[in-house]
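Data block below; observations after.
Order of writing sets the labels: A, B, C and D. Residues in every chain begin at 1.
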Amino acid sequence: MPELYFSEAIRQALEQALEHDPSVFLMGEDIGLYGGAFGITRGLSEKYGAERVRETPISENSVVGLAVGAAMTGLRPVVEIMFMDFILLAADQIINHAAKLHYIYDGQVRVPLVIRTPAGAGRGYGASHSQNLESLFLSVPGLKVVVPATPADAKGLLLASIRDPNPVLFVEPKALYGVKGEVPAEYYETPLGRARTARQGGDLTLIAYGGGVPLALRAAHDLAEGGLEAEVLDLRTLRPMDDETLLAAARKTGRCIVIEEGPLTGGVGAEVAARVVEGAFASLKAPVRRVAAKDSPIPSAMTLERAVMPSVADILAAADRLF
Amino acid sequence: MRPLLDAYRVMLLIRAVEERVAALYADGAIFGTCHLCIGQEAVAVGVAVSSHRGHGHLLAMGGDPARLLGELMGRVNGYCRGRGGSQHISVPALGFLGTNGITGGGIPIATGAALAAKMRNTGVAVVCFFGDGATNQGTFHESLNMAALWRLPVLYVCENNLYAMSEPVARTVAGGDILQRPRAYAMPSARVDGMDVEAVERAAGRLLEGVRAGHGPAFLEAMTYRFCGHSKSDRRVYRTREEEARWSARDPLATTRARLLAAGFEPEVGRIEHDVRSQVAHAEEVCRHASETPPGDEAAEAFAHA
Amino acid sequence: MPELYFSEAIRQALEQALEHDPSVFLMGEDIGLYGGAFGITRGLSEKYGAERVRETPISENSVVGLAVGAAMTGLRPVVEIMFMDFILLAADQIINHAAKLHYIYDGQVRVPLVIRTPAGAGRGYGASHSQNLESLFLSVPGLKVVVPATPADAKGLLLASIRDPNPVLFVEPKALYGVKGEVPAEYYETPLGRARTARQGGDLTLIAYGGGVPLALRAAHDLAEGGLEAEVLDLRTLRPMDDETLLAAARKTGRCIVIEEGPLTGGVGAEVAARVVEGAFASLKAPVRRVAAKDSPIPSAMTLERAVMPSVADILAAADRLF
Amino acid sequence: MRPLLDAYRVMLLIRAVEERVAALYADGAIFGTCHLCIGQEAVAVGVAVSSHRGHGHLLAMGGDPARLLGELMGRVNGYCRGRGGSQHISVPALGFLGTNGITGGGIPIATGAALAAKMRNTGVAVVCFFGDGATNQGTFHESLNMAALWRLPVLYVCENNLYAMSEPVARTVAGGDILQRPRAYAMPSARVDGMDVEAVERAAGRLLEGVRAGHGPAFLEAMTYRFCGHSKSDRRVYRTREEEARWSARDPLATTRARLLAAGFEPEVGRIEHDVRSQVAHAEEVCRHASETPPGDEAAEAFAHA
C-alpha cells in the first residue's frame, strides 16, 4: 500500500471528492496557487479551476455563511479555515445556522458542509495560531466533530465527512501533517462515529484523539517497559461519540486516562470522563484521570509552550496514580 | 391593472394575517415573540431569503396562511411543525429559504444560495431581505463584497424602516446614507418609496433584469415604516405619535386600494377583501383544530440521516 | 431588607457601579431610552447620559472589541449582548483577544470587561434566542464565567464582576428575571469563585447553577416528601470553579446529580462530573448523573420546548437511579 | 532635514532588525512564524495599534530592538518574555498597544482605545495599522462605522501592499478601490505613496490634525510592497519577479538615503548607519546571553489578580 504523509492523504481525499462528485467544491483563503497555508490544496486549483477551488477574501464568518447557503441549495462545500483559532469568527454561522437549520426547519433542508481546519500547538506560533478549540464545538447539537490521528483515517474520515448530510467540523492536528502512514489509493470512506482501538492492553485504558494518540502510544510503549499493558483508544469522532467502544474499553481495564491537547477545564476529556463514569461506574477501579494542556493561552516561546502542552511524562504520572 | 390587483390581494393577506397574529399573541395562543411587518407590505411582494420580520415575505412567495399560523401556534400543520417559530420558518418548496433570528445572519446564506445558483447554472436569482440595522453587521459587508467580486445573482433588498428596534438610522449608520455601502463595492443600487408597491415592483424589476443578465448583484433600499412596535413588548418611546401618523397616512394598502377604486375596480376589490377575510378565518380555524406538535426523539433528529 | 426582582437587582448593581466608579460605562443595543430588550437598563441613560450608557449599532463582534480596547486603556466597560445566542458573533473578540491579552502580554495589560447576557429557554423564542452557551466559554483560559441564581447574588456577583480585573462573562438566566428576593440596598460584592449551599441535606447532592437552581430546589422538596434529604449546591461561578465546596458537597453524600439548562453533551455537567470523580472517587456510592437539555436545537413550540428542557421529573428520575 | 534623518535612522533600524530576524529564523534561533515588513518601512514611522506585521511599528514607536528580538527568541528580556511572540507583542509604556495575530482583530481594539481616549479626555489620537486584506473583515466595517458615528480620535492606516498573503487586491476588494470604504461612512481619507516617507508623514500629519481637532476619524491608504514573502514559507508563486524588481527599485531606504546624500548629509548618514549596525549587533548579543524564559504557574497567570 502506498505511504503518504497525513497532509497528502487529506489532499488525496479532496481530490477524489472533487473528482467523484461535481457538487463538491472548496472555499478558503489562499487555497489556490498558494495551496493554502499548509500546502494541503496545492495543485488542486490548477486541476479543478478557480470556480471549484474558490479563493475567498478574509471574511471567515461570511465564507462559512455562503457555504451554508450553498449547502442548503444542492452543493457540498468544503471550507478551509486557515487556523482553527480563526473559526471563532465563524462561530455564529456554524452554531446558529449550519448546525440548527436541518432540525428547526423540520428536516426540509440539509446542510452537507465540511469545515476543515488545522489545530494545535507545538510550533511556537503563539496564542492566536495554536489552539485546540474542538471542545467548544462538542456541545453543539447538529454538528459532527471529527479528528483523525493517522493518514489513512485522515483520508477515509474526510471522505465520509464530505458525504455526510450534516455539517462536519474536521479538525486536522497540524503536528501530524508530517507523519507518514499507509493509505489505500482508491476512494474509501471510514464511517463517522466509530472509535478505533490503536493498541490492545489489559491493565489500563488511554483514551485519546488527534494529536493525543501518538502521545498515548508513546506512553503505552514506556508503560509496557514497566510491565503495564495499556489499551489505546482513538476516538476519531468526538460527536457523535462511540459510547459502545468507549465503555467497553473502559470496562476492560477499569482504569482510564483521557488525553487531549486542548486545555483541561471544559475539555473533551470532561465529557469522556462523565460518560465513562455514567456508563462503566461498576467497573472503575480508580478515578478517571485527565491529561490536557494547562489552563492558559498558548505561549509562543518554546520553553513555555512545552510546559503548557501535555506530555508523555504527564500520562505516565497520571498512570502512576491509577494503581 | 391585473398586477396591481394581485399585489393588493397579497398585501391584504399579509396585513390580515399579521393582525390575526397580533390578536392571537395577545390571547396567548401564540407563544414566543414575533416581529410584524404591518406597514411594510409593499416591499414584500415578489421575492426569497428573509430576516426576523418575514411573515410577509413568505406570504408574498405564495405561503399558505394556515401553515404559517400553524407554525407560530406550534401545531402539526405548521411549516416546520413549530420547531422553528416566527424567526425560523423555511419553505424550500416555494423557494423561500427561511426567516432568520440573527440580524445579518441571512445575508451570507442568501449570497451562498446565489453562488450555488451560479455554479449550478440554474438561472435563479436570489432576493435577500434585511433591515437598515442589519447593514451594520460585518456579514453585510463581507457578503456584498464577495457577491460583487464573483458577480453573483442576488438582489439585496434593504427595508429601511428608519429604526433598528429603538435606534434611529441617524444614530447607527455613519453618514446616514445606506446606499453608499453597496456603492463602495461598485454595486448598482437604487432607493425607492417602499410604501408604493408599483414603484417597488418597477425598481426591483429593473435591478433584477441586470442580476438575471449576469451583471452581478444589485441593491435596493426601500423606504418604509413599521406601523407596530418592534416586537410585542415595545412601548415605542423612541418615536413620536406624530411621526407615526405621518407614515400611517401613507399606508400602502390604502394607497393601492384608492388607486384600484379610482380605476373602477370596486367589484374586484370587494371580492378580494371578501376572499382574504375568509381565507384567513379559515386558516385560523384549521390551526385551532390542528393538534399541538407531539415531541419525538428530538436529539436524534438534530442530525440528518443518510 | 427590600425585595427586588432579579432584573431590578441587576439594574441596581449597574446603577451603583455607574455611581461608584467613573470608569464604568455601559454599551449595548437599545440600552438607552428603550432600556434594553428586557428593560434591565431602563432609566439609566436618562440619569447617566448617552456617553456612559452607550447605544451601539448591531455589530456584536466589534462592540466587544471596542470594549476590549477601552478596558485595556483605563475604562471598565459593561457590554450587554441582547441574547446570549448573539454572543457567538463576538466569540473571536472574547476568546482570542479579551481572555488572552493579560497573559500573552505578560501582565502588562488588564482587560476588566463584563459581558452581561440573558440566556435560556422557556419562552418559545426559538433556536436563535434561547440557548445556554456557557459551556462553550467554560474552556477559555483567562475568562471568568458567572451565573447568578438569586436576586441578591445577581447584584453582588455583578458588582464583583465589574470590579474584577479580568474579563467576565455574566450570564443572566432570563427565566429568573421575574423572581423576587431580598436584596441589600447598599453596594456590596459577592466574591467570585465561591459556591453557595442553597439547601442542606445528607442523602444526595444536587449540583446546579443559574436556572437549574430553582429546579433543583423543587426536586429537593419533592424528594424530601419521599424521605430523601438533598443538599443543593449553587455553583455561582463556573470558572474558576469552587472545587473545595464542590468536593465537600460530593463527599458528604457520595451521590451526585449535576443539573444544567444547556444541552447534555459537552456541557458544564461534564466538567463537574469529571472533577467530582477525580476529587471524590473514594466517597462515591453511585455514578454522577447529569440532567440537562436534550441534544437538539431549542424548538419554538411550547410542547417541544418543554420536552427538550430539563425538568424536575428528570431530576427525580436520576435520583431514583442513584440508590 | 533633521526629520528626514530621524526617519532614515528608524527605517534603517527596522530594516536591519528584520534582516536579522530573517537570519535568526533561518538558523532556528527564532521559533514560530513572523511577518517581515521589509519594503514597508516608510509607512511605519510615527505611530499605535498594529497588525500581524508589526515589528516596524513597534520600532518606530521607540521599541528597543533587544527586547523585540528577545521576544521573538523566547528570552526573559523579551517585551512579553516570549509569551506573545511576533504576533502578540505589547508595550503599553510606549503607547504601543500591541500586534495582533487575527486579521482585523486589532481594528475594534484600536477604536475602543480611541473611545476611551475621548471619554477620558486624554487628548490622545490612536493610529491603527492593518493591511488591504483586513479591509474585508466585518470588524473593519463595524469599527469604522462606530468611529465615524461617535467621532472618535483614530487614524486608520491601511498598508496596501497589493496582496493579502497570495491574494491580489483585485481579487479580494470589490471595485478595487479601498478608499470607497471609509467614504461610505463619510470619513475623510487619502491615498499616499507608501514608499515615500516624507509623503507619508505629510499625509498622516494632515489627517491627524483633523483627528486631533475632534473632527472624528480619518483614513490613510499607503501604497507599499512587501519585499519578502508573506511569511517564511512563502514561495511567492502569485507574483512575478519583474513586479518585485519594479518595487525594489523604489526601496524607501534607498530613496531616503539618496535624498539625504544629495542634500549633503553624507557624514550624518554614515554615522546613522554605523550606529544602527552596532545597535542591532548589540541587541542580538544581549538576546544570546539572555536566558530562555523559565515556565512558572502559567495557568494561574492566565488571570490577573486584584
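Simple rule for what comes next: a contact is a pair of C-beta atoms (placed from the backbone, for glycine too) under 8 Å apart; a residue touches a chain by one contact, two chains touch by 3 or more.
A quick note: this is a predicted structure, and the numbers were derived from the prediction, not measured.
If you take chain A and chain C together, the chains in touch with both are B, D. Work out the mean CA point of chain C and of chain D, and you get 40 Å between them. Chain D has its Cα centroid 45 Å from the Cα centroid of chain B. One finds 35 Å separating the Cα centroids of chain B and chain C. Among all residues of chain D, those that touch two or more other chains are 81, 83-84, 88, 100-102, 105, 136-139, 142, 145-146, 149, 171-173, 298-299, 301-302. Shared interface positions of chain A, i.e. residues touching 2 or more other chains, are given as 57, 59, 61-62, 85-86, 89, 92, 96, 99-100, 103-104, 126-128, 141-142, 295-297, 299-300.
Shown here, the protein chains touch in all possible pairs. Those residues of chain B that touch chain C in the shared complex are 31-33, 74-75, 78, 81-88, 100-105, 133-134, 136-138, 164-167, 171-173, 234, 237-238, 292-295, 298-299, 301-302.
Put simply, chain A touches chain D in their complex at residues 29-30, 32-34, 37, 55, 57-59, 61-62, 85-86, 89, 123-129, 294-297, 299-304, 306-308. For chain B in complex with chain A, the touching residues are 49, 79-81, 83-84, 88-93, 97-98, 100-102, 105, 107-117, 119-120, 138-139, 142-143, 145-146, 149, 298-299, 301-306.
Residues of chain A touching chain B in their complex: 25, 51, 56-57, 59, 61-75, 77, 92-93, 96-97, 99-111, 141-142, 144, 163-166, 240. Every residue of chain C that touches chain A in the complex is listed here, in rising order: 61, 85-86, 88-89, 91-92, 95-96, 99-100, 103-104, 126-128, 133, 135-136, 138-142, 239, 241, 262-263, 265-271, 273-274, 277-279, 281, 284, 286-290, 295-297, 299-300.
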